[in-house]
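There are structures below to look over.
You will see chain A twice below: alongside chain B first, and alongside chain C after that.
Up next, the complex of A and B:
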């Protein structure tokens, strides 16, 4: 990269320093705009009030229960979707006929917006964890499935044929040839699914009213507790960032041995 | 010819079987929540008349397109600006990552405070939710522009606006398209959610009305319509993408075969 030349020599500002400047500037604007009357503070309370509301919330048991409910729905939904997605992906991907047969159906079902299922979820499960889980699973499943399908298609045919001529059993072929090749794709799918699952978990709670952070936001909005509402939204954002970070570092750690992470070995 | 027929048969077989299975299994279902498919299809024809389409589906789609286009323009413009300036990028990136991580639907209550519950609110919600994937992908795309291409363009005297339209945007194109594709599915979700919250017309509103009134076949027909809309929009997007990025597909195919 020639960025240094393009932008001229760096005169001030260490990257980390600049990285802190962004959020700090945002906080400052959010503090000053309502204080100076640029924005009605009933709509956007100053950042300090939001942080105070956040501190109050963090002291209540209800907040932690809601957070726990959201994380439970997220984790359960993601686990079910990942398990089902990997299983279906490996089975469909390794049988060419199945793959050809299901391609059109997958392409049709995948873009169906998961929120279309909200009314159905409400009728089936009411406002329980079940309706959140249903939406989370549906949305996250496709992310995993599609990536696993790509991964299985990426298997080197020569390696596969070699394993076959060494009389590897079907299971051994999957375990020692297919699975290592597909693994990075599986991780990509799970990483994508992890953020989608969080979005859907909170959406379901917000719209349906199943227990969790989303419902707390809806309640705060309905009772005009604007700073609390902002505080909870900040919490969801932080959760999203954390999940992203966790998924990314987890991927790098767990796949450190893999060629796609290690870099190509020159032969 | 036979190959084409074979492919068509493969593509249609499973949907046909599933459809037939649904039809057969639900034919004499007296479950309240899962009415027979024939009843759902009748309800589909009765519910989604032209009048209904004009009154409920069209406003939804118009809001969707308005929001999506606005987000695309804003996202690409800001993305190019941020991507080309390293210092700006260092300042903005953490904030942008945070905004992207906020689940877009929670913005509905916030934007309702500012913009009421009219069309403006819904369009703003869509813009606010869609803009982040477009913006971040554009930044990535602009950052990854080949340095040699940039230097070559510079030495040929391609500067200013021409540099952006002829060098930077085309090479960031595939990344931008990926961002737009993500944004499209977010836009559909937000279209429905914003109408479920507060609206007097629109697809999301109508489906929730059916569900609350226990008009189950009509609700199912709404879900099917929503699914169809999602499918058709993603199909249209893919066609547009393939046309706009024809050179890229060709390049990839050439690289793969070599």
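Up next, the complex of A and C:
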């Protein structure tokens, strides 16, 4: 990204410039590999043809509807998962009995790949937004929950006991002691969940056929529209970069007061 | 305090497990005499008539508000129809017979798609690379052939092609892969031959591929490949709706069969097949009648290959 540590390795050029040079190099390789005959251009068309297909796609209403559907599934899923994750995390984290009680269950449920739940999702919600949401929520929820649990565990016991001896109410203790400590963890969790949510939204659409970019990719694939398929894949990649940028910027702005952010130099 | 927190936690936990996801909406609600109907389909060439019929208003004129659910996996369609998420579905007849032998309560209500019946000019075939030593179906013996689903219509009809050409169908080595992967797998030599349908069939031929067996043609004359079906529950509870749906599908099939240019045009609405391919690919036939003799043959072939758990009861399955 655009931040670098003060005592990092020797820098070559401006980071933003390097950030652009990366994808440009990738495009060049994608253009040359098929043109030089290293790869059959029926299966990996040159970048120029993919970009042309992207331009054509961008001119259709169906593309923008699909993009909207994917973003809706992503945003809704992330919001539900983040809300539920933070709530559950704070509650479980602050009650030791609950924490001990749920520890093994969380560790059991967390590694189950969302994709394995596709048959269940289809059975419950059919091939609509609901099934995409279920997968997105499931995957994103654990990212947030686990981070919040760590955040709650990181609360300084002395500060907490001090607040208690000053007769802070339970709510005030959560608001003024627990929450500020846990907040950077919450942001890390949400940032991780944001990427995971996008991956799962696209995957669900691709496999289940619920509306969105993933389904468009599957249709392009079934239609032998190879450049269009790659064009849509490029779009999902760009979405990923944008979401990450957004999450990092949001994190920096909202946590400007926190040590973890203050310690970094913004270039 | 602690008790309050614990109670809260229980609520949150229960909530977070159920909160993820909204309600799946059900169709079939009657509003001012118009039935909302969801049809589970696969977004392929075969279902062009229903898209065309929807456009032409054949369903609206029969008070059916049609939603076409183009889920990717054809496997989700039968469970979807049985669980009432879809009121109707589109599936190939071998899959329907497999479901029937498992006593899944479904019944075909209209023809779906049929072979053209002309060898070399059908919408499905076994193809090989231009340079392949395989010249006829008989040469397929002992070779690796890709099909989209194992123990289904693809391997059954391919075996029959080899059998009819005098080869030993038991020696065929089938591998499963999605149709879109087949052109690359064939070009790359991962498989010796591929059983494909349009549009991959045209793509492979355009790249120099050679057709060695018109499998649907070899299996039975004018083979009915797929059909629209519903659950026996809906058939009993709302025979009027099923009747109207069948009429609308039949009108759509007839219209599609006599308007190939409009079929090619409607493909642009629900697939991304490019214009060149759209104008050149081989269209199937869309007769209104399910060719029962051909379905019987398909059933016999499937039984011979051991893909059914018992003999399919066509009386129960076909309309």
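Methods note: the second predicted complex is superposed on the first by the 240 of 267 C-alpha atoms of A that agree within 3 Å, B and C clash if a C-alpha of one lies under 4 Å from a C-alpha of the other, contacts with A are read in each partner's own complex, and residues count from 1 in each chain.
Just so we're on the same page, a residue touches a chain if its C-beta (ideal position, glycine included) is under 8 Å from a C-beta of that chain, and two chains touch if they have at least 3 such contacts.
Computed from a prediction, not measured in an experiment: that's the story for all the values here.
Colleague: Between chain B and chain C, pick out the one touching the greater number of residues of chain A.
Modeller: When the residues of chain A touched by each partner are counted, B comes out ahead.
Colleague: Does chain B (first) or chain C (second) touch A:202, or do both, or does neither?
Modeller: It touches chain B, and chain C stays clear.
Colleague: In the superposed arrangement, which partner chain does A:221 touch: chain B (first), chain C (second), both, or neither?
Modeller: In the superposed model, A:221 contacts both chain B and chain C.
Colleague: What is the contact status of A:123 with respect to chain B (first) and chain C (second): first, second, both, or neither?
Modeller: both
Colleague: After lining up the shared chain so the two structures overlap, which partner does A:230 touch, if you call chain B first and chain C second: first, second, both or neither?
Modeller: first
Colleague: Which partner does A:43 reach: the first (chain B), the second (chain C), both, or neither?
Modeller: both
Colleague: For A:68, select first, second, both or neither according to whether it touches chain B, chain C, the two together, or no partner.
Modeller: neither
Colleague: Considering only the contact definition stated at the top, list the common interface residues of chain A for chain B and chain C.
Modeller: 42-43, 102, 122-124, 206-207, 218, 221
Colleague: Give the list of chain B residues in touch with chain A in this complex.
Modeller: The touching residues are 7, 10-15, 18, 33, 84-87, 90-95, 97-110, 112-114, 147, 150-151, 185, 188-189, 192-193, 196-197, 204, 207-208, 210-211, 216, 219-220, 222-223, 226-227, 230-231, 233-234.
Colleague: Mind listing the chain C positions that touch chain A in their complex?
Modeller: My answer: residues 1-2, 4-6, 8-9, 12-13, 15-16, 19-25, 40, 43-44, 69-73, 76, 79-80, 83, 85-86, 178-180, 183-184, 187, 199-200, 203, 207, 270-274, 277.
Colleague: Which stretch or stretches of chain A touch chain B in the complex?
Modeller: Touch residues, chain A against chain B: 1-3, 6-7, 13, 15, 18-23, 25-26, 42-43, 100-105, 108-120, 122-124, 195, 198-199, 202-203, 206-207, 214, 217-218, 221, 226, 229-230, 232-233, 236-241, 243-244.
Colleague: State the interface residues of chain A toward chain C in the complex, per the touch definition above.
Modeller: It is residues 40, 42-43, 77, 80-81, 84-85, 87-88, 91-92, 94-95, 97-98, 102, 121-131, 133-134, 137-138, 141, 170, 206-210, 215-216, 218-225, 228 of chain A that touch chain C.
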